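To start, the structure itself, in structure tokens.
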Amino acid sequence: MKRLDLIFSERELDAMLKSLEKAEVPGYTVMKHVTGRGPERIVSEDMEFTGLGANAHVIVFCPEHNLEKIKAYIQPVLSFYGGVAYVSEANPL
Amino acid sequence: MKRLDLIFSERELDAMLKSLEKAEVPGYTVMKHVTGRGPERIVSEDMEFTGLGANAHVIVFCPEHNLEKIKAYIQPVLSFYGGVAYVSEANPL
Amino acid sequence: MKRLDLIFSERELDAMLKSLEKAEVPGYTVMKHVTGRGPERIVSEDMEFTGLGANAHVIVFCPEHNLEKIKAYIQPVLSFYGGVAYVSEANPL
Amino acid sequence: MNTSLILQNVLTPPVLFFFLGILVVFFQSDLEIPSPLPKLFSLYLLLAIGFKGGVQLEASGLAPPVISTVFAAIGMSLVIPLICFCILRIKFNVFNSAAIAAAYGSISAVTFITAESFLESQGIPFDGFMVAALAIMESPAIIVGLLLVKLAAPKERPIERVMRWREILHESMLNGSVYLLLGSLLIGFLTAAFNPSGVTKMQPFTGKLFYGVECFFLLDMGIVAAQRLPSLKKAGSFLIAFAIGMPIFNAFIGVLVAKALSLQPGNALLFVVLCASASYLAVPTAMRMTVPEAKSSYYISTTLGLTFPFNIVIGIPVYMGLVNRIIPLTT
Amino acid sequence: MNTSLILQNVLTPPVLFFFLGILVVFFQSDLEIPSPLPKLFSLYLLLAIGFKGGVQLEASGLAPPVISTVFAAIGMSLVIPLICFCILRIKFNVFNSAAIAAAYGSISAVTFITAESFLESQGIPFDGFMVAALAIMESPAIIVGLLLVKLAAPKERPIERVMRWREILHESMLNGSVYLLLGSLLIGFLTAAFNPSGVTKMQPFTGKLFYGVECFFLLDMGIVAAQRLPSLKKAGSFLIAFAIGMPIFNAFIGVLVAKALSLQPGNALLFVVLCASASYLAVPTAMRMTVPEAKSSYYISTTLGLTFPFNIVIGIPVYMGLVNRIIPLTT
Amino acid sequence: MNTSLILQNVLTPPVLFFFLGILVVFFQSDLEIPSPLPKLFSLYLLLAIGFKGGVQLEASGLAPPVISTVFAAIGMSLVIPLICFCILRIKFNVFNSAAIAAAYGSISAVTFITAESFLESQGIPFDGFMVAALAIMESPAIIVGLLLVKLAAPKERPIERVMRWREILHESMLNGSVYLLLGSLLIGFLTAAFNPSGVTKMQPFTGKLFYGVECFFLLDMGIVAAQRLPSLKKAGSFLIAFAIGMPIFNAFIGVLVAKALSLQPGNALLFVVLCASASYLAVPTAMRMTVPEAKSSYYISTTLGLTFPFNIVIGIPVYMGLVNRIIPLTT
């Protein structure tokens, strides 16, 4: 199994989750109110009240064959709005 | 060393942490207010106020030999209440 | 690429992030309000209001060569104040 | 006359804010009341309603109408889940039936609060001891629900899951919302009895703020309720019919019992609302722990997505009409 | 005279708490108002100001001054971003210019609230219908900003990013803060019209608490504003000059329009403040979604880090001086 | 007589809610006040108590009793940690002794607030300037604690850990809670001096709500305190005896100093409570940063788990009895 870590702006969360469901992942976990720094932006907690929101961190444990489909869906979103996606190995306990 | 990711309903957190302590893990980290979707349920933030709570995400860095014990403790909990457990490799910096 | 997981007291967060920036990591992600147990301390959510704060969990995806520099910066902080740092493999999707 | 009552109910701030919340989902606005703010409002409302109820209970004392009403309330919360269970078994398995039945036997504090606001806006008096009925009706249905599972599905559960009584009583009596409500009731009672100036000093917090916080909370409840609707569609038409029909049926029984107890119209409405409302706080959390085999989306989407909005908007004034018709006014 | 007004403004609790917040960052104190508490205050203020505005609007009715003011307000929120855009294009690309221009065409509710508090502390009357102007001025500038991007940079965007009108209207009209303000305005109006006792019952929440929550929120705003300053330095002196000069210029136009509308001094000040203030709620969120090419640090650090503090502390009393000089008092 | 005072204290809403919180842990109810709500209450209480104190300070002016009381307060917060340190060294190393000593030299704002509520419920007057003593007593003990570490353990620390004075002053004076309390005190003072109508407008927020929020916060404090008890057991009987005996001893010195200052009974009680209470806000955060070698569970479980509940429930009325006996009433 693979572990996928997606980090991007909370405001794109709904669209991203819809993409994941279209890619038929077996499940996902979402952590909101995440902050951070990328190549371009600093996302800080104190701006959350404005509605700009913070980042979301989505973890997906899925079989390898899901990845291609997910990539196709989310690559354009990440490249336009920013965000990162990393894959690593993980096995059920 | 291994990295263990446990995701399950916040309401089972206390019992789960007790199991981990019985398995003599060197430590653990807990993130609450986590949401997500599994094969059966959608867990969403807006239901937190009802007391149903959200999910908890527990990370454990532990030596491999801990895993068997942990598995024995938590497997029945996860299979009855739902939740996932994944293992991957990790090494101290 | 490597994935670095740092977990330590929120009160050291600013200093830690400055160290990461000095080590020229490409970015980082911060989760606050994280609790846990280490060899010495239990960090619980109910003490957050006192100002003692909870833990922070910082994730860094970075090339391997960053690691040495990061290690040099943060090892003394972790050994004095407590906290853990683990490295694993991760690749961009 | 009922239509005019419905209109009068709809044009109060709490119900209007509830609509505003529903429309958030309908219009896909990004308005959001982030967690744990709804919890803050919910804790505040329980604390305040409990405290005020305790103060009023001390004033009225444990007079006979109080005691008979409380007993009738307990009775209703034992009988209603049994009726619900029989109806639900037509379509659902034991676990789901018992969980949903327990939810409808228990009560919704916010529906009760909204009914109180409705009575106030109509100038109809009611007694503080009804809060005691509210507090006392939260738990029994949980026990009935768990008993039903225990009796009706003894073999379908793994051995180690046989419920222990301790656990059941714990989940039903010490659930956070039950505990806070009962605790605040007791504190209100003690304060009124031994330290009346304490009551005055609490008043700006528990009294004056109440209406505004209620509105704020109902704004969130509107959002939450509307978000349950899609999963209600999946649950099917039987459950949808149940979520509307059952409250009306329960209200009817409630009105007859209220008449038998010769409650005044205000108290009668509150009693009816307790019967007609369904729990989305204490019961779901207890069921999630003790009957995880039941699908939580069933008992949550019905109680929160349909029964709650129905009661808030249409139910309360309709029940008032019922009360007015069936219970003769005695001044 | 203006210096005395500035001093009188500075020595009110809201402005003092704002300073206390700024000094948190300056002294590196670890005082922090953790998320989502600022959101709670911000939601509360929008709900309360909307509700009160609606109540007052119902009292005043849709008299001619109301309608002409609202139209003038819409006009200003269309014209100001165009002027800003032209000025900003000297230094910035289309995306950044349009996003900043939209922010300055829109308004800041907290600046408006502080101006109201200032008027109250000076004993100068103003009308509730100005809240309608506030609500109505939030969105149009967003649409202008997006139009500017559409017209001025048609080829610089990837095909699939051509904005759809639905999306634009959605982001501008159904943004959480716009939605809550307009919704509460409507609820206030309806409550005042059909259920006056509801207004009285809301009063402790929406009225009496307001000033205190405003102070609490401004404490946080001080922290947030001061934290923006470093990124403002990076943005360069052109943007710094813009963030101070533009509000003054807009205030000037605003005063002339207010004179033409023959607004009373209190209303005139509020109108001027709407023109001079810049949005850090609705516009940035809309721009982040629809024009991600624009650097968010530009429009946030200018509006929050400079224009907002400037208006709160110096702007409001200076604009009051301007109003007093230009608009003759008619009692 | 003391037993009756204790009973009168126990039957006030704040103390009753504190008990309700303790029982949450005892009965293992799942009632929880999720973070950051306790922070909201704590920030509110500091802001409100500071503001009110500033207003009253302005009214009383810097009369001689004010100045002598403030100096005595500083003196106590320098002397108490020294005494504590000597006692604690019997059992603990330098780091732990210094950290615990600093906590007992500093104060607990919530204990102070509860004492004020107690005085109000007893109808005993007290002066606003005592809040200044409260604010001023938070920091000095931190400096004493750090000095003790510096002097008594110079060789046990790694070179790079030698504390810099800047850091020490920063942690002691600019700690979030100290900063907010002092800042609000100053704002209250300035508002009362230059803008009296601002005081009236703050009153519903800082004044009327106070008692209710205090109750809500004490509910949480009860939960938190009871959760510390297990780790207190681990800490051993010496520390348990210290956590009860030390406040009584400090209260005794406090009463004598209050007599020497010829404080009125109300002020005397507040002074005694400042001496007897221990910090769980400013000091622990400062110690965690500057003396991480000390075991935080020691200074937190004693101050929060034992000294705080003891003072709230038994200490305050007992100290009142002491004050009544030792300080002759002069009306």
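The chains carry the letters A, B, C, D, E and F, assigned in the order they are written, with residues numbered from 1 in each.
Convention: a contact is a pair of C-beta atoms (placed from the backbone, for glycine too) under 8 Å apart; a residue touches a chain by one contact, two chains touch by 3 or more.
Remember, it's a predicted structure, so these values are computed and weren't measured experimentally.
Novice: Comparing centres built from CA atoms, which chain ends up most distant from chain C?
Specialist: D
Novice: By mean C-alpha position, what chain is farthest away from chain A?
Specialist: Greatest centre separation from chain A goes to chain F.
Novice: Same or different: do the copies chain D and chain E touch each other through matching residue numbers, with over half of them shared?
Specialist: different
Novice: If you average the CA atoms of chain C and of chain E, how many Å lie between those two points?
Specialist: 38
Novice: Let me have the rounded angstrom distance from the C-alpha centre of chain C over to the C-alpha centre of chain F, please.
Specialist: Roughly 33 Å, centre to centre.
Novice: Mind checking the centre-to-centre distance between chain B and chain C? Centres are C-alpha means, answer in whole Å.
Specialist: Spacing between the chain centres: roughly 20 Å.
Novice: For chain F, which residues are shared contacts with two or more other chains?
Specialist: 30, 34-36, 39-40, 175-177, 204, 208-209, 285
Novice: Touching two or more other chains, which residues of chain B qualify?
Specialist: Chain B, residues with two or more chain partners: 11, 31, 33, 45, 51, 88-89.
Novice: Which of the residues in chain D end up touching chain F in this complex?
Specialist: So the residues of chain D touching chain F come out as 35-36, 39-40, 43-44, 47, 51, 170, 174-177, 179-180, 183-184, 187, 190-191, 194-195, 197-198, 201-202, 204-206, 208-209, 285.
Novice: Help me check something: in the complex, which residues belonging to chain F touch chain D?
Specialist: 8, 11-13, 16-17, 20, 23-24, 27-37, 40, 120-121, 204, 208-209, 211-213, 215-216, 219
Novice: So in the complex, the part of chain A that touches chain C is made up of which residues?
Specialist: These residues of chain A touch chain C: 4-5, 7, 31, 33-39, 45, 55, 57, 67, 70-71, 74-75, 84-89.
Novice: For chain E, which residues are in contact with chain A within the complex?
Specialist: Residues in contact with chain A: 34-36, 38-39, 41-42, 158, 160-161, 175-177, 220, 223-224, 227, 231, 280-282, 284-285, 288-289, 292, 295-297, 300.
Novice: Of all residues in chain C, which touch chain A in the complex?
Specialist: 1, 3, 17, 21, 26-33, 59, 61, 88-93
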